[in-house]
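The structures considered in this document are given below.
You will see two complexes here that share subunit A, one where it goes with subunit B and one where it goes with subunit C.
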Partner chain A sequence: MQFWYGLAQLIGVHTILGLSAYVVLQTGQVTMAQAGFFAIGAYVSGMLTTIAGWHIVPALFIGGATAAAVAAIAGFPALRVKGLMFVVATIAFGEAVRLFWFNFTYQVQQGAVKVGPQGGEGFKQIRFFPANGWTDLDRAIFILAVMAIVMAGVWWLDRSRAGAVLRAVGEDDLAAQSVGVNLTAVKVSAFAIGGFIAGVGGTLYSHYTTHIEHANFGVVLATFAIAYPIVGGLHNVFGTLAAVIFIQGFLVEGLRFLGDWRNLLFGFLIVVAMNVSPRGFVSVYRDLSPYWRRRVYGGAIVTVVLVLAGETAANEIVAAVEGVLGNTGLEYNHMAWIAFIVVMAGWSWSGLAAAVRLLPAGLRRLSALLRDAVGGSAVRRPRKAA
Partner chain B sequence: MLEIQALTKNFGGVVAVDALDLTVNEGEIVALIGPNGSGKSTTVNLIAGIFPASGGRISFKGRDITDTQPHRTLECGIARTFQNIRLFNELTVWQNLWVAQNAPETRKSENFVKRWMSGSAAARRSVEEELAFANLAEKRDELAGNLAFGEQRRLELARSLAANPSLLLLDEPAAGMSLEEVKALDGRLRTLQGRGITILLVEHVMELVMGIAGRIAVLNFGRKIAEGTPAEVQADPVVREAYLGTAEPTAAGAAG
Partner chain C sequence: MFGDLSALDLLQAVTDGLLFGATYAIIGTGFALIFGVMHKINLAYAATAIAGAYISLAFAALLPMPAIVVFLIAAIASGAVGYLVYITCFRFIPTTSPLATLMATVGMLILIDEVIVHETDGMPQPYPALFDNVMIEIGNFGLRGDLLFIFGLSVVATVALVVFLYRTRLGVATRAVAQQPVAAQLCGISVQRTNATTFIMSGLLGGLAGAMTAAAVGTLSPLLTLPITVKGLIVTVIGGLGSIPGAIIAGLLVGMFENVALALRDVQERDLYVMLLLFLFLAVRPMGIFGKSAARD
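Moving on, here comes the complex of A and B:
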């Protein structure tokens, strides 16, 4: 059970991070600064709870607000550049934030120990959860509740006129300007909202790991932040959640038993996922008929029930598999994930049939992709007459 | 209403618009014609504030609007359409108009939250009216990118009207249209004139221009070479030369 609670917390935190990038990506800006805002939230709130002794809820708001303020200030110069230059500028910003925390030391004596961020050594002892006796389940519920609130907020934003304006700016900023949209105001606002959400995510992250250091907030995390909404699809917030479950749950945790091969498969599977659903997971779901949608719903519900049924049930599956294959060396975690994938991919026989039916199309797509790669161009050229 | 004095725009060494003077009076439909590359679209872009002018002055309702940002010129009451259609393709037809609710008068009547969440009832009503006027009411929930070409043109016009402008800059609204569509556009523009909207029209389709424009200005190489009523312009030998060359006068008329 421990494993599932830990995973739920991880998914909650990363979904919030992904949603922070989701808001900025709506305006067509590929931001690599989200890890920086995440770090600001993590450190600031960590200091508030450990040094100042605050409760986590106000720390959540201050962590987010600090990140939002920094985002608004950084947004004005950064948003004057576009496209690739914006990516470079935001990477530089993220690294600057990381190196700030690398050099930042502020420690306070508390009883026998010193607490607070200590430069390259990191910030240890963010012990709000254990100190207040929160169990793993409490933390998981708290983090998922915050995630649900953030998600509902972004979902609402998406459906409001403000969301339509963000998308309009992302599609054609010149046309948006010509219908009266103040580009600077809209882009800086989106950046600040994204910063706030990332700061909230950072707060949860630092409190659930209890120990953070500058290296946690590098370019890799920034890449993950934009990968979630892009893989999941920029049309719906649930895509980001689905992508986090796919990437963190399945690719990172679920494939751990593959050892070093995991890293290879990880990249490969992301490429496959993007090619099977170029417009994100959500668009695949949207294209399903109601019949198949019910099956995806059913799969999700059954998975949750399986998870709640806990280790016992999963161990039964392990035992059943080992009964057939002999000792495979598989553990509960691995098996639970394989079960998860099987259930998600095709709950019931008809679900499996659908998976089989979709396979040729997927393979065709993949082979077309490989042909193009061999041809050296993504654009298919007409064959020359002999 | 709109006064342009000695407006000049250089792109590097190329003079796109050269000391252009033009006045548009309230309620008029003025057409700007000329061969390709004569600076018509550049003039529209300068008025709309897409890029800064190299020299000269543009004033609108007595206010200097030279080099103002596009969203500010819209707030002054100048809306525009683009030569190549620029819609928000991933938004629905209705959302395209919803985004464009930025007229100062709708702003005053609603609070900040309301404006960004849903728009006021009045604003939504005007969206519905523009949709009906553009004959797109049934397509309201379709993505703009999925519309047919003529529908996209109508939607772009409706989107610029959603801002409730007093001056409309139309950059080749009839390009690529069939004769029937041009006729429908003609009727629509006359209705707009009846609503009190002033129109500056850049157009190549002479069936439209000659029928609807009260006054025509002809540009060539960034300079204004003629101005007058459609009949005057058609008879002008300088205009014939610009369009048809000097070799031989033909029966094709100025329309070319």
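Moving on, here comes the complex of A and C:
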């Protein structure tokens, strides 16, 4: 189970990072500065918990607030430019933040060790969780709870009048301006909100990895931050979550068993995803008929159940084989399971349906039962008798 | 500030920087060409350039050939990869989803990089230098022969591009699509085909620049793509979006500035100064050297 708790934490942190970019993307600005705000949150809150001995919850707020303040200050000049200029300006800003932490050292003697950020060496020993005896499950619950709060907040923002204003600016800023929207105020607020969320994500990130260094917060992380909402779609926050699960859960962790080939497949699948769903996963989901929509939730639930059952079962099989053959060096690879199941069920439920149709009748019956159990559909497509 | 740097050393740094800046100018021109025609950013562009250089290296390993042929193969291969990028990232994604195109080019950047890493096991490859140790020396002042050649080649490439854009029918079509795609279509120009041509043209330039960078540095590594992408974007912004003369001047300027910063300070700080130059431009002249002021809201 350890692995799944770790994956849950990873997904929680990256979803928060993705949501921070989501808010800014709503205003039509492609921001590459989110990794910088993430770094600010990570370092500031890390210093608060290790050096000042704070609890993580206030550190979370201060980390977020610092990042928001920097975002607001950086936002005024940066938001005077648009489009490609903004992309390049925010890349430069993110790199400047990274280089700042690269050169920043502030260490304090604590007992036998010195704690605090140490320039290029990074910031080690952010041990709030282990020092306070939080188990992996506690951390996973905490991080997912924060993620849920942030998601709910952004979801509410989307629904509110403020969200409508953000989208209006994103769709056509000239039109928005001509109906009296103050563009600078809107863009800077969106940037500050994005900065706050990224700072919160950074806080969770530094405490969950316990060791951060400047290289973690480069252009690559900034690209990931905007990749989540774009791949997921800018219609609602669940797209970002789905994209994080697709990218981190499946492409990064799930395909690990492919070794070197994983990296090749990573870029390729991003290209494919953008060609298949240019407006993001959410828009694909929205275009589905209710019948297929139920299959998508069904697929998600079946995925979770199968993954959990599959791990136990596979461990048993490996144990049984080793019981007969001695130590074979066979190792149960969870990743192969996620890869298979997520591809088949979560990401492309219709793929699973097609595969199921090819299986013998008994198996088909079983899957129909399973689908009825989780989907509970009233509309059944006519099937040929077995 | 200048420390023990003499005027001659400074002149040397400026000249070397200008000569090396020619590659930045070419990369920036490629970005500007695509941006000018399609109003979209192709982040896979530098990866295309490096991919072309790698393919030419593979050909060079098969049979011995003079360096100039290797350069030409790099350009052609890069043109082909550029077309592939067009097909995968631009052709089928609706123009109403610019973010999807952007993300697809990021995916393509990662894919091309990883294919290179996969094929070469991530080892940097030596690239054939053009003229080893050819130096034109005037007293203590020297000009590296290969850099001079690179400079000359990029001038030729730029002139060829300008001739293409202003003297051929396809060039006229390209400019028409850049100005007003709908009107161009009404005149019977195929927008898709023109866009594809733009990608091939910019790929040809990119391949040349990739090969030139590799020849000047002496090795070819997939680690080159990200810095070249960032430098290319900076050059495009400083030069003014979609402006080819702007990209050329900005490329030379960035190359010179970088080399002077390198001579005065050290390697780690070099890029920081380039960022500062960018900020200076964003603050003082956000539309770039030749950009239209409409780029600012």
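Simple rule for what comes next: the second predicted complex is superposed on the first by the 307 of 386 C-alpha atoms of A that agree within 3 Å, B and C clash if a C-alpha of one lies under 4 Å from a C-alpha of the other, contacts with A are read in each partner's own complex, and residues count from 1 in each chain.
Note that in this section contacts are C-beta pairs under 8 Å (C-beta built on N, C-alpha and C of every residue); 3 or more make two chains touch, one makes a residue touch a chain.
This one's a predicted model, so the numbers in the text were calculated from it and none came from an experiment.
Participant: If we overlay the two complexes on their shared chain A, which of subunit B and subunit C does A:107 touch? Say first, second, both or neither.
Facilitator: Touch partners of A:107: none, neither subunit B nor subunit C.
Participant: Please work out whether A:179 is in contact with subunit B alone, subunit C alone, both, or neither, and reply first, second, both or neither.
Facilitator: A:179 contacts subunit B only, not subunit C.
Participant: If you count the residues of subunit A that each partner touches, which comes out higher, subunit B or subunit C?
Facilitator: C
Participant: Taking the superposition as given, does A:171 touch the first partner, subunit B, the second, subunit C, both, or neither?
Facilitator: In the superposition, A:171 touches subunit B alone.
Participant: Taking the superposition on A as described, I'd like to know which of subunit B and subunit C A:223 touches: first, second, both or neither.
Facilitator: A:223 sits against subunit C, while subunit B stays out of touch.
Participant: Can A:118 be said to touch subunit B (first), subunit C (second), both, or neither?
Facilitator: In the superposition, A:118 touches no partner, neither subunit B nor subunit C.
Participant: Is A:89 touching anything from subunit B or subunit C once the two structures are fitted on A? First, second, both or neither.
Facilitator: second
Participant: Let me test your reading of the model: by the given contact rule, A:210 touches which partner, first (subunit B), second (subunit C), both or neither?
Facilitator: neither
Participant: Return the residues of subunit A at which the contacts from subunit B and from subunit C coincide.
Facilitator: 183
Participant: Flag every residue of subunit A that touches subunit B in the complex, lowest number first.
Facilitator: The contact residues of subunit A facing subunit B are 160-162, 164-165, 167-168, 171-172, 174-183.
Participant: Please name which positions on subunit A make contact with subunit C in the complex.
Facilitator: 25, 30, 77, 80-85, 87-89, 91-92, 95-96, 99, 173, 183, 219, 223, 226-227, 230-231, 234, 260-261, 263-264, 266-271, 273-275, 278-280
Participant: Okay, in this complex, where on subunit B does subunit A touch?
Facilitator: 48, 50, 69-71, 74-75, 79-80, 82, 86-91, 95-96, 98-103, 115-119, 159-160, 162-163
Participant: In the complex, go through subunit C and note every residue touching subunit A.
Facilitator: Those in contact with subunit A are residues 35, 41, 88-89, 92-94, 97, 99-104, 106-115, 117-118, 226, 230, 233-234, 236-237, 241, 271-272, 275, 278-279, 282-283, 286, 295-297.
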